[in-house]
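Listed after this line are the structures, all set down as structure tokens.
Paired with chain B in one complex and with chain C in the other, chain A is shared by the two complexes that follow.
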Partner chain A sequence: MADINNTIATTTEVVITGFGGQGIILAGRIIGKAAALRDGKESTLVQSYGPESRGGACSAQVVISDKTIHYPYIRRPDVLVCMSQSGYEKYIDDIKDSTLLLIDEDLVHPGNIKIDFFAIPATRMAEEIGRKMMANIIMTGFFTAISQKISLAAAKDTVAESVPKGTEALNIKAFSKGYDFGLALLKGREKKAAGKIGAIA
Partner chain B sequence: MKPAVLTGAHYITGDEACAEGALAAGCKFFGGYPITPATEVAERMSERLPEVGGTFIQMEDEIAAMASILGASCAGVKSMTATSGPGFSLMMENIGLGIVTETPCVVVNVQRAGPSTGLPTMGAQADMMQAKWGSHGDYEIIALAPSSPQEIFYQTITAFNLSETYRLPVLIMTDEIVGHMSEKVVIPDAKDINILSRITPKGRKDNFKPFKPGPNGIAPMPAAGDGYKVHFTGLTHDEKGYPVMTVEAQAIMMDHLMNKIRNNLDKIILTEEYRMDDAEIVIVSYGVSTRTSLAAVDEARKLGIKAGLFRLITVWPFPEEQIRQIAKRVKGFITVELNLGQIHYEVQRCAGYRVPSYLVGHPGGTIISPDEVIKVLKEAF
Partner chain C sequence: MNSFKIILFLCNWGPHAAFQELQDKRADIPAEIKMIRIPCSGRINKSLLFKPFEMGADGVLLIGCSPGSCRYGSGTDIATRSTEDTRQILELLGLKKERLQLNTFLPDEPDALLQFLKNFCEEIKAIGHSPVPSEKQEHKTEESASLAEIISSHDIYACQDCGKCTSACPLTLSGKPFSPRALAGSIIAGDIESPSVQEGIWSCLTCGLCYDRCPSAVNFPDFIQNMRIFFKNKDKNGHESHGGFFQSLMRTMTSPAVNTKRWEILPEDIRIDPDSKTLFFGGCAPYFDKYFNHNLGVSISNTNMDSLRLLNFFDIVPSVLSNERCCGHDLLWTGDLDNFKILAGLNIDAMKNLGIEQVITTCPECYRTLSHDYPEHGIDVPFKVTHMYDILETEISKGAVEFKETGKKITFQDSCRLSRFAGRADLPRKLLQRLKPDIFKEMPETGSAAICCGNTGWTGCDSHSKALQAKRLRQARATGSDLLITSCPKCQIHLKCAMQDPFLGNELSMDVMDLTSMIAKTIYWK
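After this line comes the complex of A and B, so read on.
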């Protein structure tokens, strides 16, 4: 059966998955809030977590649409962001050919999969700037660049207002690192595709 | 002091929107005990009530929480508590006390899957019959079922208005999914929000009868300390509030408690229709399952099935007459709810055997997929 929400072509379904404590829900909240309050779209965020807040499997499901969203749960994500191996394994069977798969390359090992994916060492990059907990913000920047589902300005402003006071500048720096990494990755692929005459770009 | 009405667009959860709706309605007291998935209502109230001159108390348990909001209301303050299944069970006796003492207040149940401790972090709609019948004895109750954070904001205001108008505890039967879900919530200007408050007595303070109905059928309610002498009891009482242990007094009191709701059904019952004009099969739903049902109706229409949605905003009192009328012109009903059959039986009762009535239910822990509804739509009709 067709995806109910996707019968409207302007709808994007995003799943972000990882462990409790990684800021998975906050990443989902930033994406949903940026879309709803700054990009003039509708969005829903539902979260799932276990009785334990930290360490357990956790996921955020964000639907972004130009129209009213009836059904807020996701069955076949358009974008799947994985920050843990167990999260990846839980959701990988739900993807479709067009799904954009984004992973933290140090935490997720995809094995043999049929679709292309976009990898970033988000947690390692966060450690390099001295805040491992900002891996989610780096991933949010990476998501913004790769998926183009929320605007850069909306994403940045929402990051700044969603993080603890006094940490705005560092979080924006983390966001930009992820965003720039994503842009560079896209550019590299464009060049590669352009170099291969006759290949499918 | 900060404003009670946070005018503007917010991206907040249903629980947070519930707290903001309460504040916008003029709630000044919250007594509660934390429980997943209702804790965020209490959390928000604990931050916001002191900002608007209100009081937040974390009580020792849900029995005391329910007692505290009755006490606050008797002191003249709009009051609320929020809980989930296990806490709702503990509140039942004092909800009955609120009904018999005609004390306005709002009780929020962010439902999770039960029975007992069940699935604390996962949603259900399985306390719907408990909302109607959970406290002992006969009574009429009002219960609302919001389907989004925006709706929970407005319905919390409606709940306060109904409780103040009809002098009874009003229940908001939401669920973990709506409670924890974030969506855009637009809060209007304070002047655009319709707020109703209880009628207070005027005139002589001697020989005051605190349970003597006024012209609208509801007794004016003084606040403790206003100087009116009042007597509140859980026992059957007369208009003075004094216990009277007779068959006649019971009949008079029960008549009043039942009829103040039954005589005002047209003012209390709130429903919504979606693609019902030419509908042959009617989905009945409420709360989060409304969202499933809206998606299912759209999908069914694409498949050429003439489905429509009759959505309950107030689940109690149940819109018996509306269901009876709809039953005369349709092929059948499907009730979509996140339990294994509760409101379904109400629909069946009112539809009679005129047309078939099916259930798309679920034991709880997730939202019902529109696919499940489509399957029954295709197979049953």
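After this line comes the complex of A and C, so read on.
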């Protein structure tokens, strides 16, 4: 049976928000480039910065599609990635029921919201590996694992070529941390759904 | 045909009178039965019950006095327990428990005795020969290294006579007249026959604390290991604990025809994949559990089961070696190099046949032996050996798991094989920090400086081992903890043994749990 949803949902609209300086735009750029240059899809990036790149709210809007993209702005994101409370509050009213919401659990407190969300302590994990600035790469890994919108190989290669020379290995490590966390989280949810919460039945 | 070998341990008192009457009557006692007259069935401990099987007996009978008629009161009860435990071990080994039976007779029951002996013979013939050959294949013993070679290869001459080893040695500090430095000196001087050297070689705990402290980096435990091999080849043995039961057990496993059944019963919730290239190696746990069944009530198998549950928790479904044998650690450390190598060879061949790529083990001794001692003794290990804690650390650090609060104040006993030999004292601590204890408090001597649980390799256990255990448990209690976490099955067995002391017991007693089990009990998906 043909999956109707599949033919419609060939376009994915991703909004990444956070503070200026967190590397929000770079994360968006990596996701878009991975899709366009390595996964053979189309993608666009609209970035908002300026005064924001010194600490205000900042966002990247990435569209990934199998077909030519005619309009790069996003009104209702399919995936919303939030790395700051202000970014979250700015975009949370735009989400749909089907929106995939990813947050940095230490920086964003979602309160009562109607949809399910995936949380990762990205900034804390980045601090653990010694580079707070790599939280965006951890988040990119997390996005790759949870959303399945770009391939692992494409994402990894793009991370390696997009970061400053000499920091590739550490960035890949950060990416893998986020990716592994995402997979572990999915696995945990699957297990919980099957009623297997602990190790001892 | 008289090829079956059956050993009959016959109590001197009641049943012997019945047996004698049979002999007087020239009754047709089956010729397969070799009778050994013993003072009391209660004195035939598990190691004596088992020894004939190591030597190739097809059946063993223990015949004592009927309940209530034991001259010493408790003989029959003790015999019942020992037989029960040994039978279970035979079953685990795949030798079948029916090969060992206990019965009791009164002096005036010769006919019943004869009937029983005949029935037993028939039963054994029906089961068939033991897979353990009675004639050990003349095994070419390798020429062991000469004393001079052992001394030079371990660079004993580098000893600066500083005495740091002796001042750190837990055995010396427990009050035993034992000194690694003096021992090294005597051996260099060629004085290897003296009682103090003989005693010293077999008393060393091989815990490695002296090696840790030695400024010349003389690997003393390794040296002791080689000296034990040297003496063993000269038929000089140490005092093996538990009557040498465990060494006997391991030597029995060197027979290729032995097909162990140690993995036969697994709890239903554990998933195993026979085709997996990742193998979980369990070690001797089930044998220990049966052996100490009536004394300590230990449950080392739980550690293995909880390890498997944790692997399953992380979606790792390993295979197990259906015919797993002991890794040989204790044979190696009591000088039996030949049988160690046979065991290693059989284990490795079995794993090779399955195409195993990775072996996971929770036992620090198995870990040490598989990863270090096999290659060290020229046995090729064609797979990666990983300690369970490494797997746990990797998987847990991926995130998305949490730990329930333990509600316990905990302290930790290091394993010498993991914390010192492998230099991984940080590994269990990383995991301990993830747990949520009320308080985690270390004992004064910890990590690579931790003191021994009192014994290694089932040899040389004495009152000083006990003193050492008492000291360690007092340290553990002094931290104010109510739970002692261990990482090695032997630590658990030895420390629990000290808690059985009728005088000190209450003073030393505390809950003991393996780290793996603690993690399995508290971990959950977030």
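Just so it is clear, the second predicted complex is superposed on the first by the 185 of 201 C-alpha atoms of A that agree within 3 Å, B and C clash if a C-alpha of one lies under 4 Å from a C-alpha of the other, contacts with A are read in each partner's own complex, and residues count from 1 in each chain.
Rule of thumb we're sticking to: a residue touches a chain if its C-beta (ideal position, glycine included) is under 8 Å from a C-beta of that chain, and two chains touch if they have at least 3 such contacts.
Every value quoted in this text rests on a predicted model; they were computed, and no experiment measured them.
When both complexes are overlaid on chain A, the residue A:188 reaches chain C alone and has no touch with chain B. Of the two partner chains, neither chain B nor chain C is touched by A:117. Shared-chain residue A:43: touches chain B; no touch with chain C. When the two complexes are superposed, the chain touching more residues of chain A, out of chain B and chain C, is B.
When both complexes are overlaid on chain A, the residue A:180 reaches chain C alone and has no touch with chain B. In the superposition on chain A, A:33 makes contact with chain B only, not with chain C.
Against chain C, the residues of chain A that register as touching in their complex are 120-121, 125, 177, 180-181, 183-185, 187-189, 191-192, 196-201.
Remark: chain A residues 1-2, 4-5, 7, 29, 32-33, 36-37, 42-51, 70-73, 75 touch chain B in the complex. Taken together, the chain B residues at the contact with chain A in this complex read 9-11, 36, 120-122, 177, 180-184, 291-292, 294-296, 298-299, 302, 366-367, 369-371, 374. Contact residues of chain C toward chain A in the complex are 269, 306, 309-310, 312-315, 395, 398-401, 519-526.
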